[in-house]
Structures are given as C-alpha cells and as structure tokens.
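Okay, so chain A shows up in both of these, paired with chain B first and chain C after.
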Partner chain A sequence: MDTNYLPLWKTLESPLVALDESHVELFSVLALFLLTLLVLNVRRHRQGVRHLVQGLAILVFFYIVYSCLGVFGMIRNTLHGITLIGTVFTESFFWMSLPVVVLSFALMSGPFFCGWICPTGTLQEIMVILRENLGRLGARVRLRPGPATRNVLLFLFFAGFMLLVFWMGSTRQFYVEDSSLYWGASLFLLLFLVLSGVVRDEAIRGLRAASFWIIVISALLRTTIVSPVHFAFADVRDPASALTTLVLMVASLFLARAWCRYICPWGYLMGLIHRRSRLRVQAEGECRDCGVCARVCRVGAIQAGRVRLDQCQFCLACVDRCPQGRMKVVDTWQAKTDNQCSTS
Partner chain B sequence: MIPRRTLLLTAGGVALVHLVIGLVPEPVLSLPTNLVMLAVNLYVAWCGLLLLQTGERRRLGLFVAGYLVLFLLLVALLQRESLFLLLVIVYASVFRNGLLLGLFSAFVLSYVVFQPYAFETFVPLALLWILVWRSARAGTSLFVSASLAVGLFVLGLILLPFLHMLVQETPQTLLQFAGRPEVRQALLVSLSSASLATLIAFLFGVPLAYALVRGEPRGRSLVEALVDLPILLPKPVVGIALLTLLGPGSPLGEMLERAGLGLAGRFAGIVLAQVIVSTPFLIKSAMTAFEGVPEQLETAARTLGARPWQVFGRVALPLASRGVLTGVILCWARAVGEFGAIMLFAPHPLSGSVMVYNEFLKGGVSESRPIAMLLLLICLWVFVLMQFGRALLPAPFSRAPLRRA
Partner chain C sequence: MFHILTLWSLTVGVGSSAGGQVLAEADWPMWRRDEMNRASVRLVTADGERPRRWSFDLAGRVHAFEPGMTVWSSPAVAAFDGRAWVAAGCYDHRVYLWDAVSGELRFRYTTGGGVYGTPVMRTRGGRTLLYAASSDRTVYALDGIDGTRVFSTEVEPYRPTVGGARLSAPALGRAGEREAVFVGHWVYDKSLGANRQRGGLSAIDAESGARLWRADFLDNRVSHPVYFELDGSGYLCVGSEDGNLRVLRADTGEVVWHHRESEIIQGSCALWLRTERPLVFAGSHFGKLRALDARTGEEVWSMKTGYWIAATPMVIDEPGVERVVVGSYDGKMYALDARTGAVHWSHACGGPVHASAAWLKDGPRATALVTALDHRLYGLWMDQGTERFSVFIGAPLWDGVSLGESTWSSPVTVAINGRWMVYHGGYNGEFLGLPIAEAMMFEGGRPWSNARFWLTMVLVLVGVGGAAWLLDRRRVKAA
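== the complex of A and B ==
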C-alpha cells in the first residue's frame, strides 16, 4: 500500500506502520481497550481516570492510528472492508480492524468507547469542562448570559456558519466529501431549535438513526462523506472535516455533547448494541428523586431516575455520584444465576 | 467479578505461551503479530473466564472448540492470521448470544469459505438463521422449525442467481444505464403497459369472478377451465395465435390497421398480450377471495335494502379486498414479466423484457445485465410496496367474533 499519503505527525513509522501485515495499530488500540476494561473497575476518582484515558486515547490516535476513527469513517470502512475480504486480505483487515474492535468490546462491556475513548467525544468533553469552569467564573463576576442572550448568540453563530457553508460552496469546488458540513449545519439548526424551546429534546433523539442510514447508503454507493475528526487520520487538506470538528466543539459549549445526542450515527449503532451487551447501567432500589444522576449525565440519558440504554455512553458518572448508590453496573450474564441461587 | 487470582493466573499463562512462541529460535510469528495475538488472546481468555463465571462448563467447552475451529480454518488452512485476529475478537464477543453467533457463523461460512459468492450466500443464510432462531425461540415444535429451515434453504437456492446478479454491477453503472433514454423508454413502456393491463383485467375480471362464485352459472367448471387456458399455453403459442388473428395479412388485422387501430407492433398490442397472459391469476385469486365472504352477510345487506351492485361494492368487495389485491399483484407481476407473447406479437415499442433479450443478442451478458438488474430492482420495489399495501386493507372476514357475540 502506498504510504505517501500518510500525515506528517504520525511519527512512529516502520515497523510500527499499521500496514503490510504489521499489527501495531491494532495492538495499540487493543491495549488501550484492555486498559480501559481494567480501569473501569476503579472506584476512586473514576471520572478523573476517565479523563486520563481520554487524553491517552487522543494521543494514541493522533500518533499511531492510521485508519479513520471518525464516526462516519468507521461505518464506511467496515462496509468497505467487508467487500474486500477474500480479494485483498491485508487491506480489508486494515479497514475493518478498528470498527470490529469497538463493536466487539461494546458487546462485552457496554459502549464505553463513547464515554472513554472516542476522540470526537473527547473534544466535546473538553468544551463541556471549559464551559463549566467558565460558568463558575461567570457566576463570580455575575456575567451569566440569560436565555434570550444565549439564543441571540446561538442564532448569530448559526447564521455565520450557514454563510460560511454558502461561501465555501460558491468559491471552491464543493466536493461531495465536504457534505459533513451539512451535518454540522443541521447540528446548529437542531441546537437552535432545542435551546430556544421550539422542539423538545426528546422529539429529535431519533434522528441519529436517520443519520446512520444516510451514511450507510452513501457508503454503499461508494460516496465518501468525511467524518468530523477525519483530518487527523489522513493527510488530505480537509477544511470541511476541520470545520465540522470546530462546529461540534462549539455546539458542545451550548449543550453538552450535542453531536452525540442528535447526530452521531455511530452512537446509534452503539445504542443498539448496549441493549444486547453484557454490562449495562441500571437503576435499582429506592430513589429519593434528588436528580443528581440526571444532572451529571452529559448526554441526558437519565430521565425520571431511569437510564435510557440507547443514549447511555457508559461514562459511569451517575454510578459514582448517586448518593443512594442506586445506579449500578449490572452484569446480565450473572443476573440469571443470581436469581437461581436466591430461589434455590 | 472474576477473582483477581484467577485473572492474573490466566493472563500469566497466556503471556507465557506467547513468550515461548516468541523465544523459539526460528519464530513462526513476527514480533508485532505475536504482540497483537497476545492482546487478542488476553481478551478471548477474559471472555472465557466470564463464561466460566456463569457456571456453564459445557458452554466453555464449546467456546474452546469454536476457537480451535477458527484457528485451524484461518491460520492452519488459509494462513490468514490478520483475519483470524479480527474474527476471533468478534467470536468471543458474540458467543453468548445465539442469534449473533449464528449470524457470525453464517458470515464466516459465506465470506471465508464460499468467498466468491460471499454476499449472495450470506443474505439467505442470515435470513434463514434469523427466522429459524425466532421460530425456535417462540417455542414452536422441532418439526415445524426443521421444515421451516429446509424450506428456507431451498428458497435461498432459488434466490441465489438473483442475489448474485445484484452484486455484479456497481451502482454507478446502474445509474449510467438508467440515464440512457432508450432504457428509460423501455422501462416506462413495461411499467405502464403492465399497469394498464392490470387495470383492464381488474375491470372485467373481478365482476366475472364474483358472478362465477355467486351466480353459480351452469357451465362454471367449463368457464373456469377456459380462464386457466392461458396459464397452460406456452407463451409463444399465444403470440402466434394473436399474430394469426390480428397480425399483418389477416383480414381483421388489415381492417383495424386501416381504421388506425392496429395492434401488432403497437403499445396496445403489448397491453393486449399482457392482459391475455395475466388475467387468469387475478380471476383465480378473486374467486378464492369471494368464496371466503360469507353469503349470509350479503343476504343481510339485501334485506336491509341494498341493491345487488351495492352489496357487491360495499360488502363483498371490501371483505374480499385482500385476496383481490393479491390477485392484482400476481397479475401485475405476470404482466411485467411477460416476454414470449410480446416478442412475437408486439416487439415494438421496446419493452423491458424484449430490450434485455435484444441487448443480450447484440452484446452478450455484460451488456444486457445492467438493464436486467434495473428491471429486477424496479419490479421488486413495486412488488414490495404492493405487499405492504396489502396490510393496510381490512383483514379477511373471520367467523370468530360473530360466534362470540
């Protein structure tokens, strides 16, 4: 395979290049996942550990991993890799390795990829943390923007972004690859609708499925729609991808992890898997309605003390913060035998 | 949770095996491959420990056996270590879930073993497994599940050539062919003539069916046999019969031609041929459907003052609508798929099936296949839409609620 297209910052080269039968890429990702599996069980300072893992993951992806880990790219790569099995084994392995690992681990231990590893998620998380600290600062100097101001700000952002998309369309050749910009634009539109109270948050949660199927069909038609973080994995000058990344980061300033909530096609897939996975976060026992879990959940997956499996990202913040200890990681394999033991 | 000691022991054991493999004088695996295999095996061992944790020893044995089969197949036989790595990760993850495990086995079978026919074997196998699994889960008897499996297997064999054709062309080629005006024209002719033929068949076929069922005329069995006649005849025979009656040179054909109503080689000729070959299907389905409508209901409607045509339009037809629509679907499908009679009687304007044949004569399989695929896809789409439309119609009448009342 031609290695000339690889980005400059991927400093670890031969024999660490992930191509040509050398498996360093898969090894690093596997090691990362196995490590995460281990530290999932750490009780103390779990959220701090999570941020550490997120940082480590970003480093690994930035310096070692070559095949795209973007939320669109993984879907496309899986389908592409499947078509290559039997004809070009090495390449098919190259395309499929990351998605396969992510999906398999999700099936065994919940979709911790979303909350602990996904670079797109981490970038948003950084912005959320930034906003929380800014909010604290703003509260001290009494500069908290009210809802009206926030709406105006958001509208300005949205209008500006639309203008930018329009301008890009008129000045440069607007490739179909750039259509991830439309995802960014829709994200801003949805965000505006939700925050200004026109649409309920609930009503548009299902849109991720639509997003997923659009990507699948476009992949089957051999059309490339670049993912938000795609520019970090390939050495193509990818302004659309960079711009979309910027958009989702800015969006996360207004509503935590807005991309994951409404748009992310990969998140839809992870939600499907979470229903069948071995581990899941579940509420058990008496609830005092203190609302801590709903407040700490960054994707709004907890409603009325219940966890929505299709939205949960397995960050375990609710498990750590619930004063009753009511939120638990439940092992569905064990549950059966436990019941049998208690009855017999 | 797995006891820490067991976990450490297992991890140590796996690591030791890989260390030994790495330290052998002439290593079978390169260092990176060995490393990644270590990681994969750690994961697999962890999954195995979790299985052991649930207390199912036999399942663990199966798990190990499956691992060995994959190893033998992919590493020893095919020498595809990288594929083995990925597949074994998936295998360990899906093992507890029967549905997913079956799908995974189907995937391995079709994509690794039957490689050149991967897609077209995977789709039927996956469908078969899903349906059989569901039926087994719903608690149906072994006999029913087994018959389902066998039947679906044969159905899959029937599907195989069509699925195989579907993956031969890229969507781009298809779009390119679909953009050609003559292809569009031919498809349009096919679809519109079939729809027109179905409409005509509906207009005279459904009343005929009703009359045969309700009126019970004297020669009913004879009429039924006559209705079935076009099913019996080879289609070129129909074409030749039509040509003899209406073609150029025959008195009737010449007369119609002079009046400007010529049929041979015209659009109307295509419709006529399609009506002849497809009507029996509609009439037969409609008759079965009308027979399912209880006569008491119609009598009741009559006593309430409905006219006979009102009884037909507001009682009999709605109750029989599902069966009639099945007939319409069959009739349309037969009409759009007609080739023999059209080829002889009205090869012009070009309809889809004739065009496929012409292109095949001119350029062979490669030229005609995209058009055939387009025809297949469009017909399939219409067919699926119609099948779904059936569910919207009122369900056929059942006696159960009446009895309960």
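== the complex of A and C ==
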C-alpha cells in the first residue's frame, strides 16, 4: 500500500511550510532584479552604482537566499524542477523559481545578472579591482613583473592549490562534494596555457559549452556537482567549494574574470539567451578605433569594435566609456517591430 | 488470536537464549527503545519465518534534498499484526515502514519536510500508531496497518519569515494520567529582518494530538528526549545544543534540574535506573562523558575522551556487568564502569564514531554494534572490546561529510524468530537489514581511498588541455 500523498490541507499549505524559505528568497531576488533594472538606466557614475548593486547582491545571497544560486546549482535545480512538473508542483516551483527569474530577466533585459548580480562574478571583480590598483602601485614603484615571473607565480599558486587539495583529501577532513575542484584545477591549467601563449584566449571560449553540458549530463544522471560559491549558501561546511572559489578569485588576479571567460556554464547559457534578448549593447556609427571599449571590457567581449553577445555581461562599461558615445543599449525587439510596421 | 500468539511467544522465549523477553507484540517508544539506549529487542512473528538480508535503496533520488546530511533516521522495530516491522524516517520527507523479515514495503507516508528523528510505534487496544516528527514542524500519527493519517499536530506554528525547523525523535510516555508524545523542536530563521532561533520541547496527547504543554529552551537544536520513570513519576531527559542537559517533569514540563556544559550537547542521554543512585549519562562536544545523579543533577564522575562526543551513550546492566558504552570523535569506542567511570576498555575504530551503540546478545558473550565515519559497522565484544566483526556498509553518496554537522543513523539489533538482525540506514542511501551471521562472514570492505579523485583529476586536466589545444588548432586553420 502506498500512501505517498500529502493531505489536502498540507498540499495547500506546503508552499509556505514545506518549502518555507522559497517565498522569502524569491521576493528578495525579485526585488534585487527590479532594483537593478531601475539603476541600469542611471547614466552618471553607473559603474560605481553597479559595484554598489554587486555588494548588495552579495548580502542578499549570503544572508537571505537559501537555495543555491551558484552557477552549477541553478542548472541542476532547473532540470530537477522540470522533472517534478506534474507530480510535486510546489517542489517544482521551489527548484525552478530562481533560475526562471534569472533567465526571464536575461531574455527581457540582457544578461545583467552576470555583470551586476552574480556573486561569482562579483568576487572576481573584487580581485580585478585589486589587481588594477596593485598594477598602478607597481607602476609607481617601477615594479612590473614580466611574463616569466607571472607564469612562475601562477605555477606556484597551482602547485599550492594541488598540495592543499592533497592534504585535505588525505586527512579526510571535510569533503562534502569535491567535483568542483576539477573546475578549479582546469581553470588554473587554462590560464597557464593562455598566459604562456600555447592557446589563444578567444579560441577556448567554447569550453564553456562543454562545461555547461557536463553539468547538464551530471544533473540528469543525478550526480551533484556543487558550485564554487555553494559553501556560502549551504548549512554544511564545504571546503571544496570554498577552495574553488579561492581559485577563481586568484585566477582573476592574472586575467580578469577568467572563470566567466572559459568555464562558467551559466555564462554559456546567458550568452545563448543574450543572442535573443530584447536589450543588447551594440556599436552604432563610425568608430575611431581608439580601443577604449575593448580595454574596459573585463571579459574581452569586444573585438574590433564589435560586441560578442555570447560573451557580453551587460556591465555597460563600454557604453559609459566610449568617447564617441558609439556604444548603445538597443531594444532589438522594438527595432524589429518598427521594421515590420514600416514594411507593412 | 492474541492469546495464542502470546502463549506461543512465551514458549519460543523459553527456548531462546538467556536474557531478554521474546515478544509477539512490542512497541518502540523512543529513539533507542529504552532509557538505557540498548536499541535491541527480541520478537516473534505468527508465521515463524526467519528474516533474510534485504535492502531498500534510495540512492537514485537523493540529490533533490540536503546534500551531505542525513539520509535515514535510526530505525525503529516493533511487532504487531502478527509480524515484525521496521520503520525509518528519511530526508526525502517520507516515513517508511517495511516488513522486517522480508523487507517488503508496507507503506510510505510523505510529510512536508525531512524526517530526521526515529519514528516511534505503540499498540493499544489492537491498534498500532506510528508517530513521526517531520521538519515541517508537525508530528504525524499514522495508522500502523495502512499508513493513513490519524492526526497531525503542529508543534511550532508557522510564521512567514521563519526558516527551517528540526524536530527530534518523539518519545512516548505518560504526562500525568494521559499517554503523551514528547518531541523536541527547533526553528531557525537566518534572514536579516527576523533573525531568531527557538528551541523547546512539547507534549501532545498520544490519542488525540491535543497539545498538553510546552517548555521553551534557548535558541538551539534539541536532542532526542528520553522518557523515564523514577520514584513513581515520569520524567524527560533532553540535551540541547545550547549546552544544557535538562530533566523535566513529564506531566507539566517543569524543569527539575539542568546541567550546563561548556560545549554543545548533540547526542541524547542514557539512564541507569536499576541502582541505588540512578544516574544520567551524557556526552558533549567538550569530549567529556558525565554521570549525573538523576534526581539532583549532581555530577558523580566524568571521563574525558580525545574529541567530541556526539553519540548517545548506552548502558549495560547485566549480572556482573555494569557498563556505559560511548563512541567519540577521537575514533574510539569506550566501555566504562557505570559506577566509577573507570575505563574498562577502548577500541580504535577506523574513523570518528558518530553512532550510538546497539546491544546484541546472541550467545554467552554480548556484543556492541556501532558505526563510524569510515563507513563500517563494528561488532565489538563487550567483555574485552576486541573486534568480533566489521563490515563496510557502503560508500557514502557524497565523497565525504562535514564533521559534527550531520545527524546520523545508528544501528538497531533485533532477534526475529531466533535470528539476529541489524537494521541500519546507510550513508549510501541504502536501508539495510543484515543478519548478524552474514555480517560475521562478510569480508572487510575496501578501505577508503581518494585514488579515484586523483585519477579523475589527471583525466580532467588532460582532457581540458587537449580540448583547449584542439580548439586553438581549429581556430588557426579557420583563420
């Protein structure tokens, strides 16, 4: 006999009781997205405002949001939520709600989640700002490490990471789930290959797709791989995730947002959506090839004055800095409607 | 029918090994069955069928729930309706009841949250009720035959900003004239706006589910309560992660005495009542096992282990053997003299001991069964502490676990129609019913190794490096 059902009163109540955190975090994330949507239109000091929003997002994620908003977890949760449609609606709602919010906003207003909200991106950005300041300081004292020094430094970090992993593994202290360490090690390797000139930056951007499909397949096989920032959401101690977070932060000291460039599976999905999204950054008018836009783009999404939609994170730094005001946020859906109207 | 069964069980009982009554109808009133936490019972079924090895696998569907945490609660075993039944809660929000002999699923009942505490069962007037405390803050009373809900009582009201909740295993006892279910509860809310935690213990009527009383503690998780009777009155002993061990009157919830530890108390307590000075035994994360006077809370003795004690102690009171047995996170099992705390023996297991021991006497020598973080089930001879057997009970679903942050399943031992079984919810997602005789024949499982991790790491790095190189070559050709 199978009494695998909820009593009616519990079914009605379950969105609030069984999954009781879901509405709190969903409302918080919705509020955060709406706030971001508003401040996207601020023109003065927009990058400063963006950093404020990133700080706020970190607070929301670490103190209010319970379910994992990590770049792996959202993919896994979405797939799991889909499998529950038709059987356990409330759980399906719980697992799918946050990823659906992120994807819907991306479709409507561009992938600003990556550039303005994503905690993984924010942590990297902190390191990029640190690197820039260190660079300025280094220039002032005439200390500029060459490529060889940089590679040695990177190798030392990589070796330190591997030793730490070995020590943690052999002492069996605390692995909750350790697969994210593969991503950490891969990031170090890719960084090393790029910085040493073995492979080129733009050539290996396609690896994000592989990362995405690995997460999808693992989720379908019901194998959980926790995200780098998972440790901040989980009730349990998750040093593997923490260590991978440390790796992606260190990697950003060498190459800005290296994780977003080469490995982030969620970034790949956002890139796909960006190709169909309503808002996007587009170059219009004559370009003087000053290269400012490419320099300020921290993910290297602008090449020869053109914005690569699959890489753009909608931080709008290029829009703010372009001396000719050539970079603009355009409403592609509106443009299509106008074209259709004029055609008819 | 019942009289025939009773007569038959007595006959079988006489013929069985010495010690322990053989029962055709047996309750499981609290998480380790009795106040001594022996988690052991002898049962007989109407058909006399001897149990065999079985397992129930949950491994395929665990990722939806809390990773790295509890898979199964500790089991509860009872006899009613002419058969022996084993029940366990699970973090998949369900309560399961299986035929203890065959492993056939009788029913499963879905609650609104994880069921981390052992369900309890009792039979009155021919009707068996199974009580399960779910993390949806509700105690469910289910019919033992068909699993339908008889009543459910919310012990902590829901409020919109409250986060999760954790309910302890219920305990059955008497609150004055009424039979009651006692359950510890803890709700927590880590949101910025309404950061609040609250722990406590509630008593509800076992027949109707009506709330009888409620005692509020501090803001921490509450361990499984133990009900005991002393000097004609009912009491509850309950630990809490606020560091207090409390003894309360079962009829009013009034705290009789409390003992403050410097560290959290994660496990439950054990009681030794059949002595001139009844004692309460409890361990804490400070690593000390203390024996306290059950009437006053005065410390009688204490013994420091090498690390946390998160497990619940077990008391053995056999002729000439008065021991208290407890596992520690220092990786050792300790057997102490219950009167003095002198260490009788200690045995090093392969990892921190998280589980509470179960008692087994299938011959002249008794055995204590326990599981450790090396994922092995150990059978230790009680007289010397030497290893009788150890069996690998499966690789964990996750590669490892966080120390001290999980609620763990502990084994229980049951003799059914003369054959001893151990029931255990494994960390591999599998609920196992294993005959002790087979456990002894088991060859040791493979030792823990992270070779697979490193092999995968090498393959991943080679694969990523190769893919990057190929992508780069393709780009060069395209250019």
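Going forward, the second predicted complex is superposed on the first by the 302 of 344 C-alpha atoms of A that agree within 3 Å, B and C clash if a C-alpha of one lies under 4 Å from a C-alpha of the other, contacts with A are read in each partner's own complex, and residues count from 1 in each chain.
Assume a residue touches a chain if its C-beta (ideal position, glycine included) is under 8 Å from a C-beta of that chain, and two chains touch if they have at least 3 such contacts.
The structure presented is a predicted model; accordingly, all values stated were derived computationally and were not measured.
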Partner chain in contact with A:S252 - chain B first, chain C second, else both or neither: neither
First (chain B), second (chain C), both or neither touched by A:A210: second
Touched partner set for A:T36, first chain B, second chain C, both or neither: neither
Partner chain in contact with A:Q311 - chain B first, chain C second, else both or neither: neither
Touched partner set for A:S241, first chain B, second chain C, both or neither: neither
Touching partner for A:I82 - first (chain B), second (chain C), both, neither: first
Contacts of A:Q54 with chain B and chain C, given as first, second, both or neither: neither
Dominant contact partner of chain A by residue count, chain C or chain B: C
Contact residues of chain A, present in both the chain B and the chain C interface: 16, 21, 23-24, 222
Residues of chain C touching chain A in the complex: 60-64, 66-69, 93-94, 105-113, 136-137, 142, 146-149, 152, 158, 160-164, 190-192, 351, 398-403, 405-406, 448, 450, 453-454, 456-457, 460-461, 464-465, 467-469, 471-472, 474-476
Complex contacts: residues of chain B adjacent to chain A: 1, 30, 32-33, 35-36, 39-40, 42-43, 46-47, 50, 53-55, 80, 82-83, 85-86, 89-90, 92-94, 96-97, 100, 111-112, 115-116, 118, 170-172
Chain A - residues contacting chain B, complex: 15-16, 21-24, 26-27, 30-31, 33-34, 37, 41, 82, 85-86, 89-90, 92-93, 96-97, 100-101, 103-105, 107-108, 220-222, 276, 278, 333-334, 336-337
Residues of chain A touching chain C in the complex: 1-7, 10, 13-14, 16-18, 20-21, 23-24, 59, 63-64, 66, 76, 80, 91, 95, 169-170, 172-178, 181-182, 185-186, 189-190, 193, 198-200, 202-204, 206-207, 210, 219, 222-224, 226, 234-238
